Every structure is written in C-alpha cells, then in structure tokens.
C-alpha cells in the first residue's frame, strides 16, 4: 500500500463514490491505475466489499480508542467543541451525550505512538478539561448500516408506529 | 418507505453489494423494482451516496444510545457475551475494552419505546450484570471510513513506520 | 389536624375530586364536617389553593429524600420492581432511568425515624441490591403542573412542531 | 389543543384555581369558551381529574429528564442558583441536596430537540459547572399529593409523635 | 436546660476538669449553683457518667453529619484549611486523609436548619472546592476512649511489639 | 506502661468513672497503686485532663483509619451488622449513613500490621461485601464534647427554637 | 535474541546472580556461550548495566498495563489471591492496598494480543470479581533501587529518626 | 547502616555497577571500606543478591504508596509534569496512563511523617490538580526483571510473532 492507494481510498470516502472518473478528477491519478489499484486492495481484503467498506486492521489502523471528554461549560459550546474534536486525526465518531461526561469519541490509531499523539491532540483543544480514554481490546461488531441490525419484521412494526412507512 | 424498500436496503448491507441482480437473487424482488426504489431512496436522502451509506435519522432510527456493559466475570467469557450483545436488535457496534466496564455498545432506536425495548433486551442476557446507558443528544461526526480521518501525509508517515507501506 | 382531616385529604387525593358528596361516600364523614374541616385546613395553609395542592411541611412531612436504586438485573424486571417501590409509604415518584442506577425515587418523611423506616422498607424489597439516598436540604421549586413551567410562546412553537396542536 | 387551551391551563396552574371568572380575568378569554375548552380537555384526558392534574404525555411534554447539577462553590450561593435553575423552561422541581452533586432538577420536554434546548439552558447559567442528566425511560409513579402515599394509620402514628395532630 | 447549664458544660469541656472552683473562676457562676445544675444534668442523662461524657441527642444536637471535603490544591495548604474547618460550629472531628477527598469532617447539628447552616459555613471557606455530606441515620457506636476498644491481651501484645510498654 | 496501667485505663473507660474504689472493685488492683499509676500516666500526658480523655498517639494507637463499608442488603440488617462492626478491635465509631456506602467506621491501630489485622477482621464479617479504607495522615481536631464546638449564643438560639431550653 | 539468550536472562533473574558458572549449572549452557551472549545483549542495550537491569522495550515486552482488581471478600483471602495474581505471566508487581479496589497489579506484555491474553488470565482466577485495567502510554521513570530516589541528606535524617542508622 | 553505607548503595544504583573502583571514584570512599561495607549489607539482607537488588523494608523505606495524579490539561504537558513527579523524593515509578487519572506514581517512605512529606511534595507541583493516594498494606510480588515473569515457552512464542527473535 502506498500513497497512490491511500489517495484513491480517501477520494472514494470523501466523494462518496467509487466512480473512477470522479476519483481521477479529484486525484489526478489515471483511471487505469485506479482500476488496477482497487483490484489489488480488494484482493488483499483492505476493501471488504462492493460498498467500499474498509478493514481498519489491514489498513494499519487497528487500534480503536474510545475517549470520553469533559469540556468547558459554556453556553452553546457543544457544537463548537464537537467540531474541534471532529478534526482530530483518527477521530471517526463524535457523540454529544447526556451523562457524566460530555462527548463520546471513537478514534483509530496505528500503534502506541499513535495513542500518545491522539491524547496530545485532545490536550491541545483549549475547551477540553479532562479526557478518559479506553483501549479497545477487540471489536466484536462494527456494522456501518444500521438497517442491517434489525429483522425486517421489527423494522416494519417499529417504523409504522412512527408513521414513517407511508410512501 | 415500505417493506420492499427495507428488504432492498438490508440485502445491500448484508451482501455488501448493490448489484441489482444479486439483490434480486437474495430478495426475490424484480430488478426493475430495485432500480426504481433505490432511485427514490436516493432522492429522499435515505441513501446518502454511491457507497450506500444511509441516513439513520431519515430511516426513522434517529436515536443513538451508547451502552456500557458490566458482565459476569468468567474465563473466556468476553467473546461469547460480545456475540450475544451483537445480536440485540439495533446494536451496530460492540467493543470489548479495558476500563471500569467491559463493553461499549452503540445502538440505534426509533423512539422512547425503542429505548425501553433495548434496555429490556440487555436485561435478558444472563451474563449481563449492569448496564449504564447514555442518550446521545446529537451526533456531530460519524465517518464510516477511517482512512478519511487522516491527512494523506499523516497516513503515509504513520503507516511507513509500521512497515505496512511496502507493496 | 386529626384522623378526620387526614381521611378527607386522602379521599380527595385518591378520588381526584374535592366534591363533598363523593368524599362523604368514600369516607362516611358527613358533608357538613367536610366543609368545615376543609375551611380550617385552608386557613392553616395545609391546603394551598383551589386545586387542593398541599403543603408538605405544614402537613408534617417536610423531609424530602431522593433515593437512587440499583436492582436485580433480570428480564422484564423493571416494571415489577417499580411497582414494589411505588408501594413503599411516603414514595411519591418512581422514575426508571438510563444511567448508573436503575430508579430515581422521591419520598417524603416526617423526621429522622421516618428516614430510618424508609431505608428499612427499601431493604425489604428482595430485588433491591443497593440504594443511595440523598437528604434534601431545601426544595426550591415544586410545580405540579408542567404546563406552568413554559412560556405560552414556547409551548405553542414546541408543540406545533410535534403536530400536537391541531384540534 | 391550541393557544387558547394552553392559556387556560396555565392560568389555572398559576392562579391555583379553576374558577372560570378568575381565569377570564387573567386571560381575557370568555367564560363560555373556558367551560367548553375545559370539557374538551377533560374528554381527551389531558385534564385527569377535578383537581386539574394534567397528563404530561398527552400534553406533548412526555419526556422526563432528571438533571444533577454541580455549581460554583460560594457563600450563600445555593438559593440564588436554585432560583436561576427554577426559571429554565420545563423545570418543575429543584431540590438542593446533600451528596456528590448540589441540585437534583426534574424537567419535562417534548422531544430530542427539547433535550438539547434544556441542556443549552443549563449551560447558559454561569454558576453551573457540570450537569449530569438522565433520560427517564418510564415514570412508574407520580403522585402530586404526598398524603396519598401513606396509610391513614401510619399518618396518624407518625404525625402524633411529632405533636402535629392537636387541632 | 438554659444558658447557665450550657456555660457550665462548655467550661468543663474546655477546661478539661469538672472542679467547681475552676468552673466558677471561668464562668462566674457560684459553686453551689454549679453543684445543683450538674446534679440535674446527670439526672436527665445529659451528663452520662463521672467522666462528663455527654449525650448529644439529649443535648439537642442529635443529627450527625459526615462531610468529605475537597480543597484547593496548594503547598502546605492542608494544615491551614484544616484549622478553618475546625472552627466551623458543630465540627467535632477533622481528619486529613489519603484518598479521593482531602478531609473527613464530623459535625453535629440540631435540625434541618442546622444542616443548611453547616453547609453554608463550608461554602464560606474560600479554599473549599467541593463537599459531599452524608446524613447519619443512626450512630451505633461512639466510644471516646480508644483503649476501651481492645481486649487487654491485644493491647499488651500490640504495644509490646512497638516497644511502648517499658515503664 | 504495662498491663496494670492498661487495666486501670480500661476500667475507667468502661465504668465511666475514675473513682479508685470502683476501679479496685473492677480490677482487683489496690487503690494505692491506682493512685500512683494515674499520677504517672498524667505526667506522661497519656491522660490529658481531669475528664480522663486519652492521647491516642502516646498510648501507642496513633494510626487512625476511616473505613466505609458496603454490606449485604437485607431487611433490618443494619443494626445487626453495625453491632458486629462495633466489636472489631480498635473500632471506636460506627455510623450508619445515607449515601453510596452503608457504614462509616473509625478505628485506631498501632502500626501497619495493625492495619492488616483490621482489614482482615472486616473481611471476616460475613455480611460485609466491600470496604474502602482511608489512612488518616493527620487528625487536626478531635473534640469529644460537642457542646464545646458551639458558641454559647449559637447554642442558646439553636436549642430554644427546638424548645429544648425550658427547665 | 533466541531461546538461549532468554534462558540465560531468566537464570540470572531467578538466581539473583550473573555468575557464569551458576548460570551454566542452572541452564546447561556452556560458560563460553554465556559470556558471548551476555556481551551481545549488552551491546544491543537489552542488558542496561552491570546490575543486569533489563530494557523491557528492547526485550519485546514494551507495553505496561496497570490492573486494579476487586476480589471476593473472604477472611484471609488476600494473601491467597495475591499469590494467584503473582503467577499470571507478565505480572511483575502485586500490591494489596487500602482503597476502592483490593490489588494494584503491574504487568508487561508484547502487544494487543498479549493484553487480551492477560485479561483472560485475570478472568480465569475464580476469586477475581472485577478488573479495571489501564494502558500505560509511556513510563517516565522506573528506578528499581529506591535508595536512589532520595538525596543522601534526606536518607540520613529520615532513617535516623527511625533508629535504623546505628550499626 | 550509616552515611557511608547509603553513599555506597546510591553510587551503585546510579552508576549501574558495583565495581569498587568506580564506586570509590564516585564517592571517595576507599575500596577496602566498600568491600567491607557491602559484605555487612549482604549479611544483613539489605542487599538481596549479586544483582544488588535491595530490601526496602530493611532499608527503612518499607511503606509503599501508590498515587494517582490528575494534572493541568495542557498541550504537551505530560512529559514535563512527569519529570517533575519523578524528582519527588521516594518516587520510583511514574507511568502516564489512559484512564480517569493521568499518572500512576509509586513511592516509598519510612513512616507516617514520610507520607505527609510526600503528599506535601505533590501539592507543591503547580500543575497537579488532585491526587488520590493508596496505602499499600502489603506487597506480594515485586520482580524487577520482567523476563522472569514468563515461562520460556511463552517468551519464545510471544516474541517470535513479533519478529524480535532473529539475531
């Protein structure tokens, strides 16, 4: 895996499409290279399926850290701080929650140095008062499409009570 | 949105492909219907992009709950319990972590009744001793592809130290 | 305040009406006595207004205790245990909540012996594992009708988004 | 339910009476309208009884939030801060307690946006350092008149020891 | 019990003697009155024994509060703050401890208003950041002379290992 | 300090009197020895005053431990368990409290071995589930007579509101 | 580094000597090999000094985990459980402490799989009820000889008060 | 044990060698004295083995304290603060960890006064916000060489997966 591979994968993720022409437009990498590289990445299992879900472990970002953040308590602060947390490298989820701490953040890093870098990045956000981070020993499930976590019957009965099913 | 839509979305998620022929094979729904329905779902914004990422809110599953689970302390228990937690409807992520509690679980439900059903489902897992659940007020970031959370420079320097970049 | 007063007040609270004829039917106390007693209770301030809101302090139940309860973790347990907690004398509110503990209970007792009796009653509920109780130094607000905690503008805009305002 | 209904309900709650003449005086709504509207609200179950207890769920304020507040630690602060918390829309109870946190507050909101608004309002109180809020899954008991939570025997024996029973 | 009684009891406690002549010297109350009053206080059980241990309940100071205090973290602060805490009315013990909080304080107050006064007094100490107070439901043991909590055998073997027994 | 000294001190504490004749009756030690020994103990400062308050440090019991105890949650358990805790050697105070843990216990031991013995004794009480113990670095105040912690003015105004001052 | 190196290092650590003859006796490895290997290990920095302190990172055991353990609460249990914890591979320190949890354990593992193995080993100790483990981001100091953490002046004054300095 | 002994032990620890000539160079103490003193220290068991591991208890530093530190939350702060903590007398380990608190520190002191001095030293570090310290009742294991905590088989299989075994 080299810079070209990474650029292609990022372009797909940020564009929300795997169309080679659009990826070429974004990255300047020739379509033929894109085709070739994607095939290789699929073979290696880094790209897991046709929906371009990725394997973090094979990507070299196999350590998952869950960080709970306590932040400065000011009016309207949570959106602004949430944005700052979102910009930290490796952070894929930022939830503003009710409870003891303000934010639950999920991040992915390659190794112990990555953990240290991540913690330092949280430290550098002024409004962050305290963090509590947890090292994930193993991730047992990570299903990106929630619709796949319900049976069809549950989905129908659930959503119909909410009047969301009429076309 | 009706049963047909939901069946199509589930098939795509579980197959890992949006190929209409494969979705037809899985669901028995004619390809032409599949094409038509997917167009509609895209128009409504339920399908967010060409990678078939979905909008939970529009899907009617807009409430995110983060549950921390303390489970029975027995040898080799965590994989088995992790699997049980994974099968609860609405659960999209199950992390086994170091720290005060054993698992961090993320789930999505449609409404307050869904919250109550979810908590009851956790209660019904024998090995679960205690849960602490947090209501997510708002999700500020949810990026399914971690590669998109790093700059290209960071990715390259990070991964090269781990000797993962050689092709 | 004597047994007759207390019977009248309880009948009003449980019947949901202050109609002397219904209170007489329930208690056997003659209507004329009821009229007379209610006048006296109003004069003393025990009955605070025409809606028959009562003054706990003057009633001799001036100590408010907030109890958080951790209960046995079993399928479908929370309704059953919630009922048991509801039957403890002095308990006016039982909330089943998300969070570290299962129930938040609010109770009112006359004095320190009442606190001890209350704690003993919680102990005697089999499914209760732990309680954490807080002594309320002072209650700054206790408004029984929530509609009174919003401005009219907020209520209208709030409820209209929820499509609850159409007649 | 419309603005007129809400004005009537608020007037009753704040005046502490359901006398149509007094409600007319307060609101300017004609008595006949008041009679008619109250009948309708009773039919719908929004007004639950002759004591004008209301059904929060039917009123569209069905989500109960319990907020524990840690506030600035200054001399004589708790009354002042308690007042500020009392003025936040949706807050029906404010208790100043002994224990880990300073205040226990109970509030009612219509939906998830209401939760976010509520948390923001707490953030905007300068003296508030931290809040921990709990989402109430279900309220099993909510008895506004404490006298109704004791047996008549308990009340008599309890109150007589406190010398509160002499007329 | 009146002012004279209280002055006598305080003089005894602060002088460390019950000698009537010394108490007279301290208070100006005639010895004969002192004799008479002490007899009465002994009869009522307020003075429990010849060592002038007192019964807090009968003295009207029957509520025991245990307060854990977190204080400003500065060099050499704990002695200074400990002194300030010691001067708060009703405080009988101040321990500086290892652990989550800095001080454990035990205080005695007459009633709920006394609790509120006590908490206010802690609030007024600048260096105090947080307090957590516990209401004592009942005190099962309170032995002022530690020597009485050991068997004579334990005392001898214990103290001899510490070389404290040689005369 | 030898066995005779300790026997005398214990007899005084348990009898509640320093009368040599009663101490002789209890211990069999001749009155003349008792006089002599008490003089010596006073000279050494082990007996601090005429009220026979003792100096724990000089007595060789200078380490104070504060133990918070969580016990089995059963009906009427707290008195029974409180008694068991009271019988552990070195325990001078047992408070049953509202809050996170059930009992606050204060104990005194001579050294690190004493700490280990104390913890073992708590372990051996069946109903004890968990203890959390704190090592007291220094005790800043320990006033056995609460009356001495109030000004005379406070005592009078405090107690008069509670109608305890009439003779 | 191979099996021979590891055998030599273990023999030195368990024998408490680096005498080649004793190491040969223990391991059967010829003295000349021992000399040669130790030279190499010193060159690589795995052996840090003449006292045979080792570099965990270079040894491939660079991840330090601090585990706090709550164990079954039974009489005399702590020595027995402490021994069991001591036998878990990678555990270098076991402290039985006062406080919220019973044991503080320090362990060293090579990688994430090692963390999972370690946690599983704790799970398999029957008496262990709960663990809370912390991932060490970096170890800033690790001085095996405590004497080196004091100035000579402090040591002398400290130890002389404890009467430990007389030869 | 006197100043000379302590100087020799410190020199060995800081130089990382027990070579008498180097120790003489560092301390100015004649080699013959060094030989003699080390023999005596070995006889007394203060020096435990040929690797010059020391017995803290016999050295008069038998009380182990584990301190968890919360520090000011600023960018890049942890290395700087970690260094400051490392310089406190008696501190032998400083770990910067993920979790509720920032640092886990292990220190050794001679007695209760040493505990108080240690806590004061932590207080005097500006960036330290809070400490929580635990008194170690007994240390069950303290193995300075981690290689000795694994079986040879585990070491080999562990390290070989990490490709650390090739020479």
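Should a chain be cited, it is by its letter among A, B, C, D, E, F, G and H, assigned in written order, with residues numbered from 1 in that chain.
The criterion applied here is as follows: a residue touches a chain if its C-beta (ideal position, glycine included) is under 8 Å from a C-beta of that chain, and two chains touch if they have at least 3 such contacts.
From a predicted model like this one, the values you see are computed outputs, not experimental measurements.
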Check your understanding: Looking at the contacts, which chains touch chain B and chain H alike?
Key -> A, G
**Study point:** Interchain contact steps from chain A to chain E (minimum; 1 if touching)
**Key:** 2
Check your understanding: Count the touching C-beta pairs: is A-G or A-H ahead?
Key -> A-H
Check your understanding: With chain centres defined as C-alpha means, what is the inter-centre distance between chain A and chain F in Å?
Key -> 60
Check your understanding: Taking each chain's centre as its mean C-alpha position, how far apart are chain B and chain G in Å?
Key -> 42
Revision key, fill the gap. Cα centre of chain C to Cα centre of chain D, whole Å, reads 12
**Study point:** In chain C, residues with contacts to at least two other chains
**Key:** 78, 98-100, 115, 119, 134-135, 137-138
Check your understanding: For the complex, which residues does chain H have touching chain G?
Key -> 1-3, 6-7, 9-10, 12-19, 40, 48-54, 56, 59-61, 64, 66, 78-79, 82-83, 85-86, 89-99, 104, 107-108, 110-111, 113-114, 132, 134-152, 154-156, 158-159, 161-162, 164-165, 167
Study note, to complete from the structure: Residue positions on chain E within touch of chain D in the complex are 65, 115, 119-120, 123-124, 128-135
Review point. Inside the complex, what are the residues of chain D that reach chain E?
Key: 70, 73-78, 98-100
**Study point:** Residues on chain A engaged by chain G in the complex (per definition of touch)
**Key:** 62-63, 112, 115-116, 119, 135, 137-138
